[in-house]
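Two complexes, one shared chain (chain A), two partners (chain B, chain C).
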Partner chain A sequence: MSLIQLSGISKSFAGVQALKDVSIELDYGEIHCLAGENGCGKSTLIKVMSGVHAPDHGEMRIHGQKRKLLTPIDAINEGIQVIYQDFSIFPNLTVAENIALNTELAQNRKLVNWRKMKQMAKQALEKVNIQLDLDAKVETLSVADKQLIAISRALMHKAKLIIMDEPTTALTQKEVSSLFSIINGLKREGMTILFVSHKLEEVFEISERITILRNGKNVVSERVQQLDRDKLVFYMTGRKIEESYYEIKKDASIPILQTEDLGLQGCFEHISLQVKAGEIVGLTGLLGSGRTELAESLFGLRSATSGKIFIEGKEQQIHSVQDAIAQRIAYVPEDRLTEGLFLEQSIERNMVISVVDQLSSRLNMLNQTKVKSTVQDWIKSLGIVAHSPALPVKTLSGGNQQRVVLAKWLATRPRLLILNGPTVGVDIGSKEDIHQVIRALAQEGMGVLMISDDFPELKHNCNRILVMKNGRLVGEMAGKEWSQEEWTRLQETTS
Partner chain B sequence: MTNPNGNSPEPITPISRSSFSLQRYLPQDASITRLFIIMLVVFVLMAGISPNTFLSLDSFTSMSFQFPVFGIFAFAMMLSMISGGIDLSIVGIANLTSIIAASVMVRMLPAEASASESLLYILLGVAAALMVGLVCGLFNGFAITKIGIPPILVTLGTMQLFMGIAIIVTKGQAIVGLPELYTKIGNGSLWIFPVPLLMFCLCILGTYVLLNKQSYGMKLQMLGANPTASFFSGVNNTRVLLTTYAISGVLAAIAGLVIVAQTNSAKADYGTSYILQAILVAVMGGVDPRGGFGKVAGIVMAVLTLQFLSSGLNALHVGNFFKDFMWGIVLLLVMVINEWSNRRKVRSIS
Partner chain C sequence: MKKVMQTSEFYVAIVVLALFLVIGSQSSAFFTITNLFDLIRSGIVPGIFVMCAMLVIISGGIDVSFPAIATFSMFCSTKILHSMHYDGPVLVAFLLSGLIGLCLGLINAVFISLFRLPTLIVTLGTSSMFSGFLLTFVGSSQISDLPKPLLTFSKEQIFKFTNDSGITVGLPVAVLVSLGVIVLVALLLRYTMMGRGIYALGGDAVSAQRIGFSPIRIQFFIYGFVGLMAGVAGMIHTTMMRNSNPVDLLGTELLIIAAVVLGGTRITGGHGTVLGSLLGLLLVITIQNSLILLGIPSYWQRFVIGALILIGTGVAAYQVKRSIMKRKSIVS
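Then we have the complex of A and B:
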């Protein structure tokens, strides 16, 4: 008998078949991974399990018992808890309030018993063996801590199955490993974990069994030992992806970007680096290492306080985004949703906003013909899949959204392209496409500075990789020679 | 031109262009269509209730002297709301500028001036009013962008400030006795079109061009939708916001000039209820209070709907009692319909 068994589940929304004859079975005390590209139906399947969506067809058994209609309350009473990507926590409340709130509400009491609330919160945190200031406002905590609060809260309800939806998206390497040890601890106590992810390394590291979905259908459900990286990628995307390394063909003499002793008070200092034409230079480091701040300084979002920036050999002052654009520098920011895109606005407008002045006549009148042709060109050359450029950009998938951001910047014809997390939240197929676009651009003579946490991405796309720590450059190596061990060594040995 | 391969983009064929623009207008038209239907329903209703008084040339002429003022205010409000802000000081600006204009025309004009002389002073007064409107708007924009105070607080403060200045200048008295020529122009007609209506049409045209044909308009709408992303995209947010509040100030000044002509006076505290009306008209016309979206056509229809409503009720001789009540009902109705249809759209997407 298994904890939960779904067989032949189908579900469609407004004519779109999200799930088609999907089956999944979770045993007691197992760490099961649900893998698949974005939009493959993972989220819908989770919502069926937690009672949010009722399936159109199919059978659901919990503890071997057949369940016809499952409401969210039923699911919680059965011990099924979901931790969503945004954790559903209240940033303005304290740690204790966040953990105990649901229980307080469930007991339907009119007055708050603060002492009891704190006690409950303390016990919950002890279960996952962590310590947090119970009176701290949650908004002041790190992402990892917020997640721990969400986990503790889930445990309050006598959870038997914890479903984690992409739990590692915003975590650093170190935080991921501490999350994994907590997951393993929960497993030892007999908890079942369903771990939803599309990051291959993690899937292999944590899970015992893997169920893979593609286009809303089951592809395979296997023990982890029977799968390897290539197979997994093949099952997820339906195509084989070859691994290769990026190397520059010829060495340009004058670097497109050169910095000398660049510094920004409190963020980074003594940064001297070069990016030549045709190079894809990787830049990595933990969150808070100063890598994002460095990129933002190069793009004029915050002015560097010391040092010099040379563009094609000439010293330049970059104090504003307009300065950077005038130097033909482009920056694809870290957070696509808040910094890169205008979600409600049309695809067309999102693509031309950076070149809107170039597409206008002397009296600032927009040239609609030029706008349309620019948009059509980029939709075609980046292979953006959209019904119409007039639709809001939020209707696109993650991969297509990122291509729109890329198009917006390529339209400015940059010579230096700074990418911050170019494929975060992008499915594997699109990721590969975006990498190919970037490589092609570099081969045509663009200089690329790619900031990323994704080690395989860096290894296979960068000819050089720079490592930052505590605001300084601490290491450099060729992409080919990059290894996890080298990274760990750099993090441990340098101060 | 910009193209990954470096070649110039191929000219697109007329066929693809026409199918393209059709798609472009389809989804956005839904709310405009709804507004149009509501306007028609109100019109037919009012015409049906009192066909003789409502459907007469007199009634239309009197209407077109009434709605231009709050219509122009609604445009000023629309621009600041699209930017994600609000401009509560427009009526304050209108009164201050009308007092400036009236002062120039009344106090500086020599007693026995010739027609050409009074025309000169009238033009001087108009220019001064527009200038002051521009400066007031820039002042709002400056406080919002450079000092960083939220628009609602800045303009709440300047609303009070501008009115205060106007009271000091006039010592609380109304300025009366404008040159006959000015009130004649202001209340006159070109052929059958009243001058205020023509001013309103000018504002429609100007706002439409600004919003839809100029790069400024696209920048404004993008900034309103997501100021962080527009900053990251190289839009000069400060400049766009300064421009927006400056234009809002100039539009308010135009409304002020229309008011002076109609009332033949300038007062420091005239028509303060216009502020809330302007916000409501803008929201009813489909301007997103969170910023980023707004259509000139929507504002025009909202203005006309409300005017038909109050004129129709006037014809029934219940206008003064029912006007506010009916306006409230219609505004809420439009918002409920908008909310419902949006919800339905969202549901079909998810």
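Then we have the complex of A and C:
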């Protein structure tokens, strides 16, 4: 008998089949991983399990008992708790309220008992063994703390199954490991965890069994020992993705970018680095190591307060974004949704925004034919999947949105491309496509500075990797030699 | 203590206190019972309005229709009672006005909650509709001979004092209604699940739904409650003015919203307290009533209130930015 068993589940929305004959079985006390690319039906399956969507066909058993209709309240009463990607917490309420409000609501209370609420919250936090100020407003806490609150909240309700939807997306490496130790602790207490992810390393590290979905269908459900990285990638994407390392073809003599002793008060100091033509240089470090600030200084978003910047050997002043663009530097920001794109505007407009002046005629009118052909070129060469370039960008998937940002900056023909988290929130297939584009660009002579947390991404795409800590560069190695151990060593020895 | 000093209420209180001291030092008329009662009296109707506006803003919306609802409710009720030469308990007048207000508030709720239209647009629309309907179909001239029970109510006073010059001053009984509403809202927000639901809705609507709040129910409650309160406030206004005027409350919404925002309620929703909003109101009323004692022309009042809003929100934004910068310093 298993905790929950779904068999032959189908579900369609307005004619689109989201799930086709999907089956999954979760045992008591197991850490099960649900893997698959974006849009493969993972979220729909979670929603079926938590009673949000009723399946069109299929059977559901909980503790071996057949359940016809499952409402969200039923699911909660059965001990099924979902921790959504955004944690569903309230930034304006206190820690105690965020943890206890659910339970209070489920008990259909009309009045609030603050003392009881604090007591409940305290107990819940003790279960995951952390301490937080119960009266603090949640907006003042870190992402990791917010997640712990979401987990504590899930535990409140005599949870037997906790479903975590992409729980590591916004966490740093260190926070991920502490999350994993909490998950393992919960498992020891008999909790079943369904871990939804498309990050391969995590899937292998944490889970005992893996169920993979592709295009709304079951591909495989196996013990983790029976799978390896290549198989998993193949099952998820339906194609083979080669592992390789990026190596620079020939060494250019003059670096495209060189900094000497660059510093920005309170953010970073003594940064001396080089990016040569054809190089993809990785830049990594914990969140808050100063890496994003460094990238923003190079792009003129914050002026460096000391040191020098050389572009192709000549010293240049970069005090504004206009200065950076004039030096043909492009920057693809960390949060493409807020910084890189105008979500409501069309794909076409987003792509040409940085080159409007090149596409306009003498009377400052946009040359529409030129715009159309430029846009078509980029859609083709970057492999953007869109029904029409006139659609708003927000209708695209994460991977495609990221490509639109790339197109926007590539349209300026930059010599130095700075990428910050180029594939955050992008699934493996699209990720590989984006990596290929970046490599091709470097091979054509562009210099690329790639900031990332994603170990394999750095390893397989960068010929050199720089490590930052507390605002300083603390290490450098070749992409091939990059390893988790090396990273840990750098973090520990220099502190 | 440190926690108290971080709240926005603390800063508003300081500004109010400073203003009191400045005006008081310049004019001996300021710190008198007469003036104090004047201040309180002019805060009775706005006091209820401030609660209305605050509830909506905390829930993540904005309501500009409450003066129109108040006017519609009180004018219709007065008209009805007037035409039937009503002579019963005054409570009926308040109930009638409140009930009409409740219905109008629910119209707002239908558009906002069921049709999911933006709150500002809906209330702008209904506000104009309500007052247009009132002036076209109900009447556009004021009613000066109020029904007897209303007149009697308007003359009743509590806390009567006779000052040095032999004039007796007191507060209208209506001040108790206002006080009741304020206490009710404070208890509602702090000690009921509905109240916490309003904060939750303003903090994150999607999450509120996920953990089991019903946004539709909460919004119906808010706009219905606000309508009811506006109706009651309208009737109080009528009794205090001793006539029923179909236009004179219109246009007061901006000052009320200004008071709420000055009191630390965030226009983006999720944050706000009864104490803060009352302090904000006190600030606005003091400026309106007492700046004149300093010899500052009354046109300047609007300018000063506007400037206070800009400075107030500016300082708050600067503090947030500074605390983020402090937390973010990387180089050790």
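By definition in this document, the second predicted complex is superposed on the first by the 488 of 495 C-alpha atoms of A that agree within 3 Å, B and C clash if a C-alpha of one lies under 4 Å from a C-alpha of the other, contacts with A are read in each partner's own complex, and residues count from 1 in each chain.
Heads up, the rule we're going with is that contacts are C-beta pairs under 8 Å (C-beta built on N, C-alpha and C of every residue); 3 or more make two chains touch, one makes a residue touch a chain.
Computed from a prediction, not measured in an experiment: that's the story for all the values here.
By the document's definition of touching, of the two partners only chain C reaches A:Y84; chain B does not.
When the two complexes are overlaid on their common chain A, residue A:E175 makes contact with neither chain B nor chain C. Shared-chain residue A:D427: touches no atom of chain B or chain C. Counting residues of chain A touched by each partner, chain B versus chain C, the larger count belongs to B.
After overlaying the two complexes on the shared chain, residue contacts for A:E334 are found with neither chain B nor chain C. When the two complexes are overlaid on their common chain A, residue A:R413 makes contact with chain B while staying clear of chain C.
In the superposition on chain A, no contact is made by A:E457 with either chain B or chain C.
On chain A, the patch touched by chain B and the patch touched by chain C do not overlap at any residue. Within the complex formed with chain A, the chain C residues making contact are 190-196, 199-200, 202-204, 206-208, 210-213, 269-271, 325, 328-332. Interface of chain A with chain C (complex): residues 72-73, 84, 86, 88-93, 97, 101-102, 104-106, 109-112, 266-269, 288-290, 293, 470-472. Of all the residues in chain B, the ones that touch chain A in their complex are 1-5, 9-12, 16-17, 20, 23-28, 213-219, 221-222, 225-226, 228-236, 292-293, 347-350. Residues 13-14, 301, 321-322, 324-325, 331, 333, 338-345, 348-349, 352-360, 363-366, 369-370, 372-374, 376-378, 381, 388-391, 395, 408, 410-413, 441 of chain A touch chain B in their complex.
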